[in-house]
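The first chain written gets the first letter, and so on, giving A, B, C and D; residue counts start at 1 in each chain.
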Amino acid sequence: MHQVIERDANREMIDMQSEPLLNVTDLTVNYDGVVALDHVSLTAPAGQLYGLIGPNGSGKSTFLAAISRHGKVTEGRLEFAGRDYTGEPAFVAARLGISRSFQTVRLQEDLSVLENAMVGADHHRITRPVIFNWLRLVRNRREEAECRETALSALERVGLVDYKDQFPSSLSYGMQRRVEIARCLASDPKLLLLDEPTAGMSPAETDDISELLMGLRDSGLTQILVAHDLSMIHAVTDHVFALNFGKLIAEGNSVDVANDPDVRKAYIGVADEE
Amino acid sequence: MSIPRKILLAGMVAGMLSASALSASAEDIDVAALVEQTGVVGYAGQSVWKGMQLAAEKVNESSRLGDYKLKIEIKDAASNPATTAALATQAAKSDAVAILGPALSSSALASAPIAQREKIPMIAVQSNTEGVVETGEYIYRLTAPFYTYNDLTFKHLADEGVKKVALSFISNIPSVAGLGKDFAPKWAKEYGMEIVASEGTPFNTTDFSTTIEKLVAAKPDAIGLYHIDTQLTGLITGLRRAGFEGKLFVYNINPSTLEAVGDAADGLLMSIDYSPAMSDPSSKEFTDSFRKKFDDDPTIYAANGYDAVLFLSAALEKVIKAGNKPDRENLLAAISEVAQTGFAGASGDTTFDDKYHRDARVNGVLVRFDKGKPNILFSGKDR
Amino acid sequence: MLNFFSSNEILLQTIAVFSLLAFSVQISLRAGAFSLAGVGCWAIGGYSLAISDRHDMHPVIGVLIGIVVSAIISYLLALLLVRLRGLYLGMATIAFNQMVGIALIHGGDFTGGELGIYGIGARISTFQLFAVLALVSFLLWALERGMLGRAYNIVRDDEPLAASLGIDSESMRRFAFVLSGAVGGLAGALNAMMLGIVSPTDADFPVIVIALTMVIVGGYHSWLGALIGAALIQWLPIGLQSFGIEGMSEWWSVVYGLLILFIAVYMPRGLLGGLQRLGSLMARRHQDFREA
Amino acid sequence: MLYEQLIINAAVLGAVFTLFALGLSLTWGALDVLNLAHGATFVTSAWVATSVYSAYELPLASAMLVGILTGGMIGVVADLVAFKPIRLLITNKRQAELSMVAATIGMGFVLDRIIGRATLDQVFSFPARAFPYKDFHIFGARISNIEIIILVLTFLCAVLLNLWISRSRQGMAIRAIAYSAKIPPLLGIHVDRMSAATMAIGGMLAGLSGTLMTVWVSGMAVSTGHSFLLKGFAIVVLGGVGSIRGCVLAAFILAFAETGIVAFGAGNLRDLAAFSLIVLILLFRPQGLFGTRSAMRA
């Protein structure tokens, strides 16, 4: 089903010519004068785990918001699986297969862990107009069972099956993040955007999440991970993009990017002697 | 809860229940009063109920009903048609022989069909609108509609040589809007007067400074203010302060409003069905006994409530004197008889309309206020 | 028992009709659209029934006209007010209601002017009324469970999250807005048949206050809450006065106000929430009892 | 008709609307309390003032002061009885806001009935001799001394409230509460004391406008409170919830619109003018004239 890609030094050799999953051309975002993103262009073929790094205010979150269509796009073109979705609203981008989490945990307090995951599984049915979903009771019962199955398997993948009847408020921060990821998985996304998922987590929890993301990548899920924790970036990502002041200043595998002079300058603030 | 206290509590509850049963002795005639104590016409309903209580007391003290006692149970109709209809249904299914009230037009229109369907006589008060007595032979109304006596004002204005009249009225209360839009212009034409300004405003308006400007700018000899009391204070004081010297007339003003307005109300004219200054014996009796019981001047609403009970008692007296049982059928027959002959109440001699014989008519009086005191200029009798 | 039913028939009908009005407000509140246009549609539905009754149309046609007209007007209103949120949407819909009231007063003979229309011939039986209530309750129950229930929860609480899950919040809110208008129109038409009159003040601010009170006191998060709230708020003015307690006709509304205050403060999710908590408490105690 | 007179009429009406709406906007903006008992507080304060005036032969000014303090006291009691427990018991922000609305509806019923029973819903007022009405003439138009007092007091209240909120420490605390109830305790600001102070000020503003209104139109009744409440709600939303400047501007816009339609159009459509204006402005300014939903701005 999915070709398991061995993770080793020659990963860079992957053929870049195949149809890129995500193609961003000259993406520019400015909020009445303040340029948050400045003509960023990049392509992201499917099947890899991409890292997006840069100091605070470099435009990482704006970029994520722009490609998930939650945020404004002033100029530029966004293509997903060959389709231009630049002007589309956020829910259309989601329906294309772009799923995202947010910097803060966003779970439904009055729904159980399973129900929170089921919301993701509702993904393909929610596209039908409300009236169709409302009156088809027999079909709804069948689809509700399917939805439950999808959610359960997603919870399994994140290892939270035995917490399924608990409520989010009774779970640890790390586990709440995993529920969010399960919700995203339940919607069978093509691209998963993760906005600093491990911020404020203990090293042990960070490692668990890292393991989880690599597992998902191995099963073929393309991901873009925004993070500050460079050690995690090194451990997990196949390809890294580095932003500074809204510009794409470097890309490549995480080690080369880390050593890139512009990146070091952006992080440390002073160019080291040649 | 230890055993003894439980028994004590049960005993108390049983006691309370039996006590209320005893008081309803066999000789009582139950009447349901659905009168607004709250809501948009609470100001009228609370006075109506005081008038009804006074009348019931006087009837029970006199032995007009033999050894029967009139027992009126008040329920707040809350100025709400749905509540009134629900209370009317309850009253119709109870052993009440008649329904008194309501006062709000829309509530009367909602509850009259129920009383008619359930065959229980209903005597509404106020409810100045078409469609109430037309519902059927069980429905009576004990407040003469405004248009049946408000022409007295125009007759007086004509006698005083008034030529130009301005009108300000409530645009969204049916009976008052009818006065301002239809009847007043008709009477003005009849008495050779010209309507120089006509201003309608909603009943919740409290600021009239601009309306006053328009009225005064039309340079009328007299201004008609068909408004509720909370608006009259601003209008009357405002017009006087704007330098208007001419005559002012209203369809009703209550004692508390007169007091608030002070001498700005001097010379204020009003045609009304009842005034404390009336000298008819039945009116005087009402005024004096009301003042004695409530230590206050009666309002027109109290007079309506009093007359409704008096009218009902006159019919009950007929039934009892004829030796019949005071039930709804006999009562209805007696009521229509009393309606043929009429009766003397707070508003003086009260008769009924020629068409249905169920809508009260009174002579009405023209009143002028000086130093806050009403005095009668002339009565509708000598129209 | 029969006497209880017949003497309280109108009260029961009032509870059914006002439950539908409460549903209309609950539907939009639950979808996160703080709209009170349902009260304006209540008046529109009532007048549609009254006018069609005057033209000797069958009551069912009158009710359908009321529903359709209300739904269309709600749809146009939803498009017009799409950018408004929370209390600003609430105020815009209250302004709409006031304009409906003013239009009804100035509709000349067509709407009966200040008095409105009385003597409506069409009648509806208590059984039919409760059948309609049961049908609408079922429809709302279906809307509150399963996928749509979850989706509306998110549309109400967290629009960005809804978008990230592929939910078109705007179209779902618009659907709730139109459904709210339609149910409001239905309620108004049934109220016109029950009372036999309609008047311009049917769209006035006090009706809005009553509708809001019913939904909040009952529990706005579910249709059952709106039903319970309507039953209590409509029963109180009659019930409080029927215990034969001296002076209750004058002071019942103080008790009414204090009760609303108590429920608002000490029952965070309304009467329904209180009952649910009571239910779960008892279930737990029953469980403890069995385990002990 | 004299245009100058119309402008004065509109200005005075705008001031009366402002005074009533300021209290509503303050409590709503800072505490998310949509106070539907504001109209009842307005009436109760006026009733207490008139009763105290005739019962104890107090001079008018001190009777009015008693009325204003009554309004403040009602605000504080409302905070203790309802808003403080709600803040403790209810965590969900939307549910808390709705519960507070229902609580004020309940309080409104209680106050309306107590005053309604005491006055039989009839008009009550200071005796006619209580206030020496006197008219002044400028540009040929007429303005009375009470109208000048109303204009001056409204201006003062708006400016003082504006200053108090933007400059003073308590004011900053209130804005912090407005932003989110979680922040103030961190900064050592006593939320309960702040919210009681805010409700007290809101109540006093209702008391001031109630007593002044009673003198201006020589009378007051429970029904006046209801008609002001809807107009006040419209003004606060129009101006942008919590914005003092927006509240004043919206009040005067509405006053001039109503005065205009009464003067040149038909009086019975004055409410139509007010409400269609509201919808129009909200279409172009979905947050009201100056409103920002999250933080309260001076």
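Just so it is clear, a residue touches a chain if its C-beta (ideal position, glycine included) is under 8 Å from a C-beta of that chain, and two chains touch if they have at least 3 such contacts.
All of these numbers come straight from a predicted model, not from anything done at the bench.
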| item | value |
| --- | --- |
| Longest centre-to-centre distance from subunit A, chain (CA-based) | B |
| Core chain by centroid distance, with centroids computed from Cα atoms only | C |
| Centre-to-centre distance between subunit B and subunit A (centres being mean Cα positions), rounded to whole Å | 74 |
| Centre-to-centre distance between subunit D and subunit A (centres being mean Cα positions), rounded to whole Å | 50 |
| Separation of mean Cα positions, subunit C and subunit B [Å, integer] | 34 |
| Mean-CA-position distance for subunit C and subunit A (Å) | 43 |
| Sites on subunit C at which at least two other chains make contact | 105, 157, 250, 253 |
| Where subunit D touches two or more other chains, by residue | 92, 112-113, 226, 230, 268, 271 |
| Interchain pairs in contact, sorted by label | A-C, B-C, B-D, C-D |
| Subunit D residues touching subunit C - in the complex, by the definition given at the top | 34, 36, 81-82, 85-86, 89-90, 92, 94-96, 98-103, 105-110, 112-114, 117, 226, 229-230, 233-234, 237-238, 241, 268-269, 271-272, 275-276, 278-279, 282-283, 286-288, 291, 293 |
| Of all residues in subunit A, those that touch subunit C in their complex | 68, 70, 89-91, 94-95, 99-100, 102, 106, 108, 110-111, 115, 118-120, 122-123, 125-127, 129-131, 133-135, 137, 140, 143-144, 147, 183, 187 |
| Residue numbers on subunit C that touch subunit B, as the complex places them | 3, 6-11, 14, 17-18, 105, 113-116, 118-119, 191, 194-197, 199-201, 234, 237-238, 241-242, 244, 249-250, 252-253 |
| In the complex, subunit C residues that touch subunit D | 29, 80-81, 83-88, 90-92, 94-96, 98-99, 102, 105-106, 156-157, 205-206, 209, 212-213, 216-217, 220, 250-251, 253-254, 256-266, 268-269 |
| Subunit D - residues contacting subunit B, complex | 1-2, 5-6, 9-10, 12-13, 16, 112-113, 116, 119-125, 127-129, 133, 135, 142, 144, 213, 216-224, 226-228, 230, 258-259, 262-263, 266-268, 270-271 |
